[in-house]
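Next come two complexes built around subunit A: one with subunit B, the other with subunit C.
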Partner chain A sequence: MQSYRIMVIDDEKIVGDMAKMSLEQEGYVVETFLNAEPALARLKEQKFDVVVTDYKMKGIDGMEVLRTVKGLYPETKVIMITAFANLDTAIEALRGDVHDFFPKPVKIKELKASIRRALGRQ
Partner chain B sequence: MSKGLVGRWKSMLGLSKERAGQDLSFELLFRSFREVIESNNRALEIITDMGEKLGGDYLFDIIYIKSAYSKLSDAVKRSMESFDALTRKKHLELHGVFDRIDQQIRQMVYSLHPARDEMVVFYEDITWDMARKVGGKNASLAELKNHLALRVPDAFVITTHAFDELITHNSLDTLIQSLENDAAVSESALTELRNLIMHAEIPPDLDAAIDSGIEKIKARCGERCFLAVRSSAEEEDGEFSFAGQFETVLNVPLEGKAVKDASKKVIASLFSPHSVAYQRQHGYHVGKLKMAVGCMVMVDAVSSGVMYSTAPNGDRDMLLINATWGLGKTVVEGQTDGDLYKVKKSTVPEIIEMKQGRKESMIVNLKEGGTDAVRTPEGMRGEPCLKRETALELSRLGVTLEKHSKRPQDIEWAVDKDERIYLLQSRPLRIQQDKEGEPGLSVPAKDSKHALMNNKGIAVQKGVGIGRVFILRQLDELENVPKGSVLVSKYDSSNFVRIMPYLSAIITDVGTPTSHMASLCREFRVPTIVNAADATQVLSHGQEVTVTVGDEENTTVYEGIVKELAGFVDAHSMQMEDIYEFRKKRYILRYISPLNLIDPFIDNFTTEGCKTLHDVLRFIHEKSVMELVDRARYGNALIKKHAAVKLDLPIPAGIIVIDIGGGLNLDARIDHASFEQLSSAPLRAIIKGMLYPGIWHADAVSLRVNDFLSSMMRMPDITSDVSDYVGYNVAVVSKEYVNLSLKFGYHFTMIDSYCSETARNNHIYFRFVGGATDITKRSRRIQLIADILKEYGFNLNTKGDLLIARLANVRKDDMEDMLDQMGRLIAYTRQLDAVLHDDSAVVRYAKNFLEGNYEF
Partner chain C sequence: MKIEHKIILSDVFNVALIALIGFFAFQNLNLVLTKLRFVEIADDLNASFLEMRLSEKNYFLYKDEAALSDIKEKIDKTMGSIDVVKKDIIRAVGENDLAQLKSHLERYAAVIEEAGKNKTKDIELELKLRAEGKRLKEFSESITHLERTRVNDIISSSKEVLFYSFWAIFLSAIIVSHFISQKILGSLRKIERLTKSISEGNFHAVERVESRDEIGSVINAIHSMSEELSNREEQIIQSKKLSSLGILTAGVAHELTNPLNNISMIAQTYGDLYDKLSREERIEFMNKVEGETERIKEIVKNLLDFSKPKEVNLNEADINSTVQKALRLMQNTLDISNIGLKLALREGIPHVFIDENQIHQVLVNLITNAVHAMPAGGKLFIATRPGKDKDSVEVTVMDTGKGIPPEFLPHIFDPFFSTKGEGGTGLGLSVSYGIIKNHKGDIRVESKPGVGTTFTIDLPAYTG
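After this line comes the complex of A and B, so read on.
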């Protein structure tokens, strides 16, 4: 069986490291990036089923990641996480066809559940 | 007894000449107290939240840590301000303590690395961020010494910074860098390099630093001790063990040249052909890796060896010890014919098998330094080199280390002639994963039909714990709890911290998920259920059980060992611990959540004893309660300034009530109140107990003649301090607070209690001093009260005829029940001493009281 591919973009190493470890336990193939540029470059050569991205990053931010991903692969689901949660960012993200939106710290169990929903494996 | 303790007792008895001024009004006093309590609560909530968020179940980032910590430090600062107002700056030195801890935490949170370029560092000064500087092996041993207080010999480290200095001072850097690019370095080039290191000149400041390290060891351990000079390569996160790759020089005399030569030998071993090959195989850039050197005091070992905290075949229940006479070198290096112990570790460790080795030769320390292999004396060869008790103690140490590091450990140890076990090394043991038992992050659900308890109580820390039930009736039994037990207790208590690292699980009948104890359980990752109602009834002492606390906060206790669940013991978050960033970020909790200040009666209960913010909060809380207790006791002079109301009761208790906010429900300003008008929850509960039918014995029990004389004799020292409002007892109350001072005859009782909806704030402080009758009877009465209070779960201290008891962190309804019992106890014991004619009466009357039989 082919594994689902998940990409995690966050400018703090710990977020990517912890997400990778937890999600690999679920059988996903996980790649992590500390900023969006190399992540988007990688996306051009490889499709991912779910992209988990930080909202606020230096350079390319989460909204731009979302637009690029949707431009490349409309069916890829994007989950946004952010430390600066407020209603406006949430609304903006949801308008932009984001699958889910979580304020940090994110409960790993909830992230896993959201990914399962995104992949339609309830 | 230390002078400090005497002083404290005196001040509690009111015998101290010094008395704080009485200018602080009760309103201000109480407001400050409330502010302390409120800030402390906020701080503890943040600590709890941080423990949860950094526990491995959440993705978090530094922004969370920064914001949580800034709230936490604000709350602690606010608490200190109110505390200063309350105590009128009695404990100003606490600010210095806070500043030090705060600075340590901020350094971590904001990655402020102080300019650390020491070349020699002692173990006790090694902190979280120094792993690269002191090398992996030293960093982990220092951690065990400093944070788990395990017995690790005294040691200093020659750091990687010193290594750099040595290399550049001798212009060896270019040579070493060239190794990186040269895939096939010749053996002769490596030999040349090692020779250059052996003959290198030590830079003067390093030379002086090593000499002063040696002097310090001499001052601590004496001239006659020796050092083990050992490698400790820099490594980021202990991914590879480097086991046996580098040199160790044993039994080096405490003398400059010898230590320096040995250190050079260790450093040179970084470039031995097999070590270079090992580094290449594991992806290290040869020439990049640096070497720190540990100089550790030699243990005069009677026996030593290696322990695997989990048998290498992955059998989680088994632990292996390999032991030999003398130094452990032969065992460590696998030239083993030592004794092999197989120990079952799941509950109380049990030696399953002991294979005796021939132990034909042994390594001994030579008097002038160095070691030698000698033939083992005939008589010793056939003897096991560990006593049974020592082997078991060692096993418990192995379990502790595995529990602490969340993974199996490979441990080097030594035992001296006094049977003291020294820890010489502990590193992760790589074992094959049993596919079936591959640990997941969630605890599997299991048929709960045959459970002893199902979904009772509140989940505090999830996980699986297997062990024998120990029902704790009284706190002083903590000493007897076998390691690996499932502790079952009526109340929770931060005193459990003493044994927490060794417990498999904790279940309490009452308690809250935000208590001190609960946050400690999270810190130690002990699966814990609180508020389980009747666990002490349902579970039986000695019964083997499996406790599961699952993802959905479902809690179950099964009878016996549930095999399917055994693989999940400790498995939770185990892999998160493998992430370096996670461990590093989590490290700040070390300075926040552990609690070192436990018992107010022991000597470290001082500002200097505060090592963490939790300690600071605990100190503030305890001293604030004491402040109230003391002030309320001297409060009689203030009565005239306050609304003092006489309490009309059907018993002649003669209580005056001073309301400082919501404690009385009076329509008009009148000078007496009835029981119905009492709105102070704790006072109401106490009075309810005192009014319990049959408890207040109206007839004074006749005193015998010598009792009477003894009473006369003792009168002055008991009454001199108590009250100038003769004949009256005083209660200072608010809606949720009471400080009640009672004098019946020659007994002086004081209860200070806070009783609110928030269990964490609640406390009962009970003090009893009593006279009349002779000392034997007085001590019998103290014994009786102590027996009863112990049964209720109080933390007790008695001294002569003074008794102090505390209970904290209890829910409001349980508080009210308890205060009701206290009221009964006060009434019951009022004249009891006169009937306590022999020791058996103590047991009898205590039993009667607990059974609700209040007849004399």
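After this line comes the complex of A and C, so read on.
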């Protein structure tokens, strides 16, 4: 069976590292990026099933990542995480067809469950 | 006294003056009319007397008895008409002259009577008759003449009185209205100064006044208003402090969220994968946690030391070039804000011993404040010169802005203190103060509301 591909974009290196370690345990193929530009370049050559992205980043931000991903692969699910835990951000993200939204600190178990739902595995 | 009352009083004064003059003119006119009436009567009398004398002449020349009776008839008629206009005559010339006139007429009548009885030509009688007739006519003519002269006198004096009283009223109106308008304008200017000083934020400039006029009420109303504003302003400053504290807190909270999230994720992964991790990996995890706590520590330290600059990196520098660097950053802002720049950077002054980045920050802060103080544009003066005590260099930043109210001056270097309208966080000057103090320098402020503000910085000279 071909593994699901998951991309994690966050300018905090630890977030990518920890997510990668935890998700690989689930059997996913995980690639991490510290900013959006190389991530989007990589997306153009490789389809990912789930993209987990930070909302606020230098340069290209989470909302633009969401738009680009949906433009390339409408069926790819996007999960947004952010340090700004306010309602406006959540509303904007959900309106933009985001699969799920997590304020920091992120619960890894919840993230895993969300990814499972995104992939249609219960 | 109220201004309204003053105006009414001056109006009443002028109207009374006009009424008085009107009354005087009316009286004079009445008198003139009376006199003219008399002159008219007197002319009639004179005509009668002339006729009497003509008849008298006829009697003597032609011995015409009828002439005598003619004279008699005329005398009776004249007596009668004198009685009719008696009042007018008395009013014009007085009872005395009337009595004299009558007695002249009676004596003439008596002589005529005598002449009628005698029937003989008597030279003595003739002379007597002529003398009485002449006297009667002369008297009558003299009072007529006198009355005519009086009428002329009255008219010319009335003319003079009217002429002078016109100027008197005119001058009095001008002087009174000038006095009152000066007083009103003076008071308005006072109010203008007060409101201006209030708009500059100096709420304690207004004292209650005792004056009971309208201006007094206005000043007292302004006093109440400024008290109210003063209270509100304290509330505004308080809420600004709270809101800048809120902004700071939000910033700090966001800064803290990332390392906290990192620690949390490390801990979760550590717990989940404990068995699968090697010893080295576990140690590395804990080192990462330690690294993240260092990050948090740094944030907290920055928060605590926000008014104290971080370590000072002192180097020899030319203060003039530091000023020029700060200006390059601010030049665009100055141009947009319509602020003219005047520099007086003294050549050849001692070099300073500073952290150039931090002093740059202080200068940018001061220039920004100056720009905020001159919303409608103005002038910015920046000068450098040797300090008073040789071991220092002085930098002044002077604006022509709205100034700082004296009661705020002691607080302007306090953290979170911000005066209205600048939209500042109240941290700029407090940070600048900390930086200058860390340089063992000094920062002072002088300000005059409505004139401008001058910040003076003393920095230590480089001694090698």
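Please note the rule applied: the second predicted complex is superposed on the first by the 122 of 122 C-alpha atoms of A that agree within 3 Å, B and C clash if a C-alpha of one lies under 4 Å from a C-alpha of the other, contacts with A are read in each partner's own complex, and residues count from 1 in each chain.
One rule holds in what follows: a residue touches a chain if its C-beta (ideal position, glycine included) is under 8 Å from a C-beta of that chain, and two chains touch if they have at least 3 such contacts.
Note that the coordinates shown come from a computational prediction; the quantities given were computed from them, not determined experimentally.
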Exercise for review: Pick one for A:Lys107: touches subunit B only (first), subunit C only (second), both, or neither.
Suggested key: both
**Study point:** Partner chain(s) touched by A:Met21 [first = subunit B, second = subunit C, both, neither]
**Key:** both
Practice item. Please work out whether A:Ser3 is in contact with subunit B alone, subunit C alone, both, or neither, and reply first, second, both or neither. Key: neither
Practice item. Look at A:Gln46 in the shared chain and tell me whether it touches subunit B only, subunit C only, both, or neither; answer first, second, both or neither. Key: neither
Study note, to complete from the structure: Residues on subunit A touched by both subunit B and subunit C 12, 14-15, 18-19, 21-22, 25, 83-84, 104-109
**Study point:** Residue ranges of subunit B in contact with subunit A within the complex
**Key:** 53, 56-64, 440-442, 551, 575-576, 578-582, 585
Study note, to complete from the structure: In the complex, subunit C touches subunit A at residues 254, 257-258, 260-266, 268-269, 272-273, 276, 288, 292
Study note, to complete from the structure: Within the complex, subunit B is touched by subunit A residues 10, 12-15, 17-19, 21-22, 25, 81, 83-84, 104-109, 111
Exercise for review: Mind listing the subunit A positions that touch subunit C in their complex?
Suggested key: 12, 14-15, 18-19, 21-22, 25, 83-85, 104-109
